[in-house]
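Worksheet: the structure to be examined is printed underneath.
Chain naming follows the written order as A, B, C and D, and within any one chain the residues start at number 1.
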């Protein structure tokens, strides 16, 4: 039995959780419940700092959006042909961010990699909230956002439908499906934990959890159906996640613009998505570990595994990135080649090189075990990787629009203005606000699965002994 | 004559296993293994196996949802396209296959997911099926065995339970 | 019923456009010929378009941000390749009036999420303003970049009283957040078609022209009905051996007609006639 | 007004009612609610007003002096759009951008809507009664002014407005009608008169097989650009004519040339004489000029000419060879060649080539003689303003009437007209919109816009026969407090000579009487009313007439020793102003369509800029958008640099017409006023200001701003095959179908 105290968490971890082990098998189940439930009651002060900072950032975004809404998109300094600016770039970024949740919860679940268990819940929450953030950008970038429902295929007497040929409608469908499925998956996997919350909560919170836990009592029939359904959902989610980012890639690959019309875009986007998602998981891992005192669950070996996974995906991304350049370079499409040269030498060249450096060189830090286990380094590196991935999306949108088929309408010096930057910053505020709220209201670590993990590992070690 | 419930809480799986074995071997009148329910904090397939095969039908819902989503989705989309006033776009056919495939695929998944969840809730008979015999320690680390039996048999069952160091035995009040 | 419609007309719903002789049996297919040897780059067409189609004057600041709203713009090039040859442009400038090419297989039409841009039976690439939600995907996908977005609420700022009295009542004044582009002066076409229908005939050649073609002091722009064999546009297309449904024209070397970025398979409705320069001079 | 005869009363009634409707649509409907006006149902509309259907009325464009016939599209009483009048021999149904923008003169939000009178430093609105009282007190029956004490300052003016002005001056025993044109063609006209015997020959551009133009921008800011563009279109059809342009800064015409040469400004005459010398080598031309001239021309060998002009010697022989091969041809001189101290000589030397090549009667003709010489336009000059300025300085001028002229804006610094204006006790301006000059006047009267007023016009350039262009209102007046120029003048004349003008209740009656009186000339049998109605319906009264013969005065050409241009170490750059076809001298800078219409060569909008050759810019390390100070001996202006390959490398160029300070929201603060840096250089022969003879120095200010233009970062096609060019000998133009030649 371990008695953790606020003051000496790290000390305790060092003493009681062996470095090589993902988790201490001896940890008592009651302790798991206690630790996780406590995180929902009494986080560190840092929680409130982050939450208020997010709220402030979000307010900035709201202000900018209101300004843009009232004046028109010209307020965001968009122009012909820079019609999308940061909005669509950041949209892709957030969509990409959502993929790691699926990777950790669905793919690793199917593969029975049990080290995912303490961290998949927040990764899945990240999926849901980054999808919601991405959805905001779909609205933000519209010229007439008040008519956004025209994209929805609702029956009407005029026989007017959205254009099902448009990749944007595929997007809307795919993201809608993905968001729905992610919420279902997140909620579904949380039901046993919600029952724990229900059993421990008082007052209105009890009612809340009572409602959400839907009467879960942990009976064998419930568990059996749960197991099958959860596995089925995981199986659905994997192809869905791949399809979502391929469809986002199709927005570009299906178009005619040189620099977008590239066959390898869908896998490239998916790899980029997993990459930025994994980097974000590292960031959030470090933050949550500290803020909610999850040192006993979000252990260094798990971080280590996540880092190794990130590195592997970084290399996949690097390969696909190089393939993209190579096919533009080697192919006989002069226009695409010119667009590529423009990216490497034109107005946005510093950002292009920065993106390649951050995306392909910086991940080599993850090769070193000592650095992998150094939290401040990992924090910086994971943020840098995501800066690189955001730049990748910026590089997909802005230089390509600046250098299309038509030389007369090329742009030489287009830069986003404060409205766009404010809205992008606001999106980060919105995301972390939602995420922080979630971690406060719902258990950020899956209690029942950590119990399973501990139990199975304990049984396995007993069998070995 | 109505049956009543009794619930015993055990500290660990081994004790619960032994209790069930003894229940099975006791040949109590009117006792059926289907009336035994295990309540546990984690999924424990080995324990459940002792209660015999309890089939799961969630997959059927999934299949129905996926097939329905795909086929109805495609039909609705294609007929919407065929009836849209402003049909001709970009030289593509009015009902183009690749975009419709993409959308069909998404709807296939969407309805698969929704039906899976629906099927699971139906299988659980939730949220209506809430047994009053429950202890919050089940959600911590205890194993509960719930037996539904003739009121006359209950004392015998409780007796069997008592032989395996139960933490607590709970009965339905007011009966 | 929709399903029976789908099944009954399946084969016609699967037709790809354009195909050979697509407009043979139709009444109208609007098209244009622009003679670059006649175009002097004077901008009369641009101003005529502003007058006819209620284009807002955006002002210096918006123009500097690339938010100009000229449906037809005159481009001026100094050379064909990536570098300018010689010290001076001693063969003059290369002027190009660029407007919506009214593509038969328009990249903008496919991508609009709400179907605000679509193809009319007359072969026009039309924009439904009140359906447009302003995603600007069409503009991003237009190879010619001839679609213009209402970045601001122009009706409030472009026509201070009494300038708004000039607005053409036949043409919608577009509000902020919608995409717009050259319509081939569809309001004139509609009027002419209506008149012709009342009189039980087809619109005669030259009966209706676009504002740009009407103004052009050198008559460099010819507008007409490609479905009418006898129209000047149809005869020019034929004489220049331009086929609407072909992405690479097999024509005689000394013919001047060509379509811009044809190999993208957009099948434009505008044929340009090559600029001529006396190489002996 | 297409097919029906319209009774004038009906016509105005229609306009009146629909005009009210327009007010209703535009300004709210208080006058109707208050019962001041009646609402009439459209269910039974007046004739000619069909709701939803546009009706076309003919009129005449007054945006420049070309006199193009236009058609105004009117719907429900609102003028919507101007189009070319196919019945006009000048416009032929076409219209330029400048003409289109006429509606914005009419609907300009900055129009003057009430009379203004000076109170101390500022102008204050007053009633018409008060304004007319002041005007008649000064210029009415009691006025004691006479002779040069009164002056009328106008721009180029023709028709009955000109007649009325003359009559008004006559009542003061004055002929002091000063016609000022900041971009006057005086030098060229004087040279034509001297060499060909006419001031303005008619150019048969379409008949020429080769045109050699020395800076003549006939497609841009020429005397009749719409007409010449139509001719140019025919010129380019089979058999295709070739255009060679020689000028220091590429004009729109130069941009359309088959071959363009940059030349050192002011040396055009030397080049022309070099060509003459070269041509005289051919036997058939040998006797075209006198032996003296031929002898003198021998100094103009190709190497000397090449050295002076900066054009390659081979080009000279090549052009001479082409001129010899391709006949008939046409050699044109333009403002860029004429605007120098020896501009007259330049122009004469260029015209000499036409004599040698015998283009007279083939591509050059005289204008048909006009039956109403009193209606023909008076061409303006800067010399006229200089003389007026002298009179004003001397305190001779007691009353000044300014109509359609803005010398405060356009006068160069060495003609300090603006400062001297205070010496005139009474200055009155008739304007549609306040400008810099009107703001300095004591009384400003708001005129009807050209779309609201009657008038007659005669073009300075009459391509074929004779046209009397009729201007008529296209809609009811927008502002009740505005009046027609003719009405005001007639009021004054009635004061001066009540008996002579009592027959004319208003200007309309006057002009109708005057036009119908001209009926016999047009040899028609219709009644007076029908004649007048036809005139209104057609917008033009045309009379065929044979072109006048041209004379030959080769002796007028001065053949001196070849002179090279003197360089100035303090001001190393030649300064060539460019005249935009739409803004002209700046009078149209208040029209938003024109401000937003990109300059064809640079695609810059809403601004002034400095054109500089890329190699020169590279030497001076100037990038596009660097703010340069362009300094001449008389002043300096600052504008953004624009790297422009179509310019002689020692030359910089800036557009005219921008830099207004008090000309409404669309003009003010846009660019700089380039008129203010002209050097006081005058043509030696005519004394006219030489616009192209200024020398400047360029200084970098270290500041930078984006150039507002339509062009992107590249002006090259990048191998995209956007504008494809075919060699003329490959193209089979004769087999093509064309509207132009049919």
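The definition used in the following text is that a residue touches a chain if its C-beta (ideal position, glycine included) is under 8 Å from a C-beta of that chain, and two chains touch if they have at least 3 such contacts.
Since the structure is predicted, the reported quantities are computational estimates derived from the model, not experimental observations.
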If you apply the touch rule, which chains end up adjacent to both chain B and chain D? A, C
Quick note, more Cb pairs in contact for C-D or A-B? It is C-D
Centre-most chain by CA centroid is C
Distance between chain centroids, defined by C-alpha means - chain A, chain B (Å): 31
When centres are defined as mean Cα positions, the distance from chain A to chain D in whole Å is 66
Touching at least 2 other chains, the residues of chain B are 80-81, 83-84, 89-90, 92
Find every residue in chain D that makes contact with two or more other chains and list them. 706, 710-711, 716-720, 722
Taking each residue of chain C in turn, which ones touch at least two of the other chains? 68, 73, 75, 77, 96, 107, 110-112, 115, 261
Chain-chain contacts, ordered by label, are A-B, A-C, A-D, B-C, C-D
What residues of chain B sit close enough to touch chain C in their complex? 75, 78-84, 86-95
Would you tell me which residues of chain A are touching chain D in their complex? 334-335, 338, 405-413
For the complex, which residues does chain C have touching chain A? 62, 65-68, 73, 75, 77, 96, 98, 107, 110-115, 131-137, 139-141, 143-145, 147-153, 176-179, 261, 264
Contact residues on chain D for chain C in the complex? 22, 25-27, 52, 75-76, 78-84, 93-97, 100-101, 103-104, 107-109, 219-220, 225-226, 229-230, 232-233, 236, 240, 242-245, 250, 252-262, 322, 478, 581-582, 592-598, 600-601, 603, 605-607, 615, 645-646, 649, 665, 670, 706, 708, 710-711, 715-733, 735-740
Chain B partner contacts - residues on chain A that touch it in the complex: 28-30, 33, 153, 158-161, 163-166, 169-170, 173-174, 176-177, 180-181, 184-185, 188, 192, 195-196, 198-200, 214-229, 232-233, 236-237, 239-240, 243, 247, 250, 448-449, 451-452, 455
